[in-house]
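For reference, chains read A, B, C and D in written order, and residue numbers begin at 1 within each chain.
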């Protein structure tokens, strides 16, 4: 059950206390107790480097981008465009021209559903998702289905919370699936999906593959080319970056073929009332003034995690997850929802005799922040036979001691409700 | 020519030097010269209050909103939702439930074009815009025209750069216009449009009215109910707020009738693979994790400008504009593009013998930031018979002395190119 | 790292009567026959409650009952609600629902309705912003049932 | 507030030869007849240039000319370009275009092409990031003309 022991064994020098010192919010107290933040999967906290980069830009180097000939605008454009290179490197993309900035993962998926879905897919084709998707990777496809005559197919998962590859493959069989959209890592079960195999199956059936990397990109190295993905999305605020910025990566040929999503300034080459000519490259999808300061903040976040290194991060989180799984399994009446072999630092659970809401409230009064509810994954909840769960999720700043506090407190929560 | 002398005469106590001290970037030097920032219409600089509010949130009070039961999430949700009240008050909206947060004006208009345009307007109906619109208020309607069979009509403007109300009225006559979309203030000409009269014309012809307030909201009090608008949009970064956040205001009944734009978390009440039930209120249009920190920053910006007061701001800018018009008109060979009677602090001009690009470069080398080009308003440029202009635009921190430096330098630019 | 594990400070929320009602609800069953019925759902957590009402002589409540999957607060609230609405007509239930919503939000209610004292143990939710909905969910379902709706709208 | 008004530091950009060529271009006219033609546009500022080429014996340029509405840099660049391409075949023009793009971006070019010295006065744009496109716009149009396109793509 120890998640990915090979990585854990590597155990590179990882000084979690030094990292914690970079996150000012972690020294807050909540209800008079030390703040134990176990809700990073919902949104991560921000290191000083990110906060500082944003403040610094606004204090010393800011103007609108792409539009000005003056020094401030040129320099701000440089800073903004520089992050495109950073994101391309983070994802191991072939080119910076494949990186589109969006508000978040949700917008990135909606962009694909609108532009690729309505512009390239044809009525009668199908989109294939899985039972473990976040609403962000369900609802846009439902809307496409209802407006554009695209069939929506759903691949099953196993009782342990792993993708059922046989189900996935069989739904591809008739060749009508134009696009598969699959999460890289489940935000509820912690499951990592075997994307390279998923991609091979999809491509063999003539389908493109969109990967929802919202959770995955935070924990491990992502190489979109090695994965064989065609689209990859993630969201800045879970990667220790600011809110208001997300990323769509897509193969250049796809971006070139896709019509724009939104219209406005910056995404056009020229406009007359009769006809507008789209800009080329990712700009076509970035209408209006972008989230300049947030993109700069995302760049600082990427610098920050890159300096720590994804090997070290993955090892730290694998060790934490292993520790948490063994500590939580030992809590009487606690059931862990999702038992995948390849999993990351997100653990959902139920506690006999205590509703997730009540669990979360009692934990909160002890300074411990977990999420309780359906985690924007209603269909997955139904599939796993639960109405809600509590969820503890870990970040680079999470400590073994915090997990011990969680486990100890849960024992007392259980007796409180008995 | 003095823009709005009545306001200027009020001249309330307005200490521009005190205000400048609130904007750290203004003490930067550019090319070794004092930084004279005359490009606020592209994007405004940020006061310490905004920068500080964002940093403070990330340092002491941050978690994802709407989703958590824990203290940090509740408090962050409070802070976020509180800004909805602030925006409602800023716009004199009937209810906070009419405020939708978007990325920027561009997204707000695209939201209406998608949701109202495809969901409510019927093929065969028309959208009516004007010759003085920004691309953000042109291209979304072209895309709607091309995908949805909506006619696009364009009301003319006069040679002095004012809306031709007769043209506007005649295009409404056949009753087929379902929506008119008009800028409140031109980002090129500085013209303020008589929105209350425009609204009366539109409503009499059975059309709704969208007002692009991107420029206007910065300079004067806006009362959407008094204006008679049905939709009003603005963008945070021009209002001294952060990038990455904008606002759509719409009458509640319209929002209720409109289908969602993007799908995902937060905008739904429940999801099953067969069917999702939309959330009610503005939430329906806020899919995924919103720009939490940026919304909080926008709240700080609204507090900041409200504390100064729009009467004082309008008076300051009217005085500045009057001064600039007289100083610039006196520059030999300088032609001001746009001579509207009711105008704000945005002045476009051409200089005989010198291309706008060259003008901007020479000004920049003297520390003066203006914009040069087509200002995301190609059709307007064609209408005014210019290929590009230089544009100086003013903010609350702009001084008379800066305008003098601009005018003096332009005289020398002119002789440089002669 | 050591953290205090006393839950004393949640006792205002989880009073004994709440815990008792949540564990052993008196009115949780699938009542048949019934005259009005509606379900409510809290989208945040997935809590569901279905409320059924039977009228005596067509105007006042003979019996109310519920079925639910929910947290302690919503269970206890539903159970106490079923108790206090007995003998009331629709108007009296609506006014009590409004009084209870006030109590849940503010911790106090200006109402002179004697039923408020029975519901008083739920006033602790006012200190727990996101839990207010748990307490009011059954009441929303009740109102929806009176309105003849099948599902209560959650806002 | 007082601001220095000397423009000395822009003299590397606006060398006299640039200002002269911009004011009095030698090759700006609507040349007829022509063998190849293309227009280019800079979306940032609206600058437009149309380049026309006539070949001698079908392979080398007999004459090049342009029409433009543009800034001093793009005008001067177009005019100098029309001068240096005379006598070149398509391959030689393409290689010179690449060399010039390097010069404009970096301020220097490793090219041994003698025409580079004629174009050298434009090297100052390298210090003005957003002006590089002004200098390269006519060259993009030229390449588009050689490709037989009607409009050069702007990136």
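Just so we're on the same page, a residue touches a chain if its C-beta (ideal position, glycine included) is under 8 Å from a C-beta of that chain, and two chains touch if they have at least 3 such contacts.
Just so it is clear, the structure is predicted and the values come from calculations on it, not from any experiment.
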Listed by label, which chains are in contact with chain A and with chain D? B
Sort the other chains by how far their Cα centres are from that of chain C and give me the top one. D
Taking each chain's centre as the mean of its CA atoms, chain A sits from chain C at a distance in Å of 37
Rounded to the nearest Å, the gap separating the Cα centres of chain C and chain D is 78
Rounded to the nearest Å, the gap separating the Cα centres of chain A and chain B is 32
Residues of chain D that touch two or more other chains sit at 43-45, 131
For chain B, which residues are shared contacts with two or more other chains? 31, 67-69, 73, 268, 270, 357, 361, 368, 372-373, 378
Show me the residue ranges of chain B that touch chain D in the complex, using the header's touch definition. 31, 33-34, 36, 354-358, 361-362, 365-368, 372-374, 378, 381, 387-388, 399, 401-402, 404-405, 408-409, 412-413, 416-417
Can you list the residues on chain D that touch chain B in the complex? 1-5, 7, 9-10, 13-14, 19, 43-48, 69-73, 128, 131, 134
Going by the contact rule set out above, which residues of chain A touch chain D in the complex? 66-69, 73-74, 78, 268-270, 279-281
Listed in rising order, chain D residues that touch chain A in their complex are 41, 43-45, 129-131, 153-155
In the complex formed with chain A, which residues of chain B make contact? 24-25, 28, 30-31, 35, 37, 39, 42-43, 45-46, 50-51, 54-55, 58-64, 67-73, 103-107, 109-110, 113, 118, 134-136, 138-140, 142-143, 152, 154, 235, 237, 242-245, 260-268, 270-273, 275-276, 287-294, 357, 360-361, 363-364, 368-373, 376, 378-379, 382
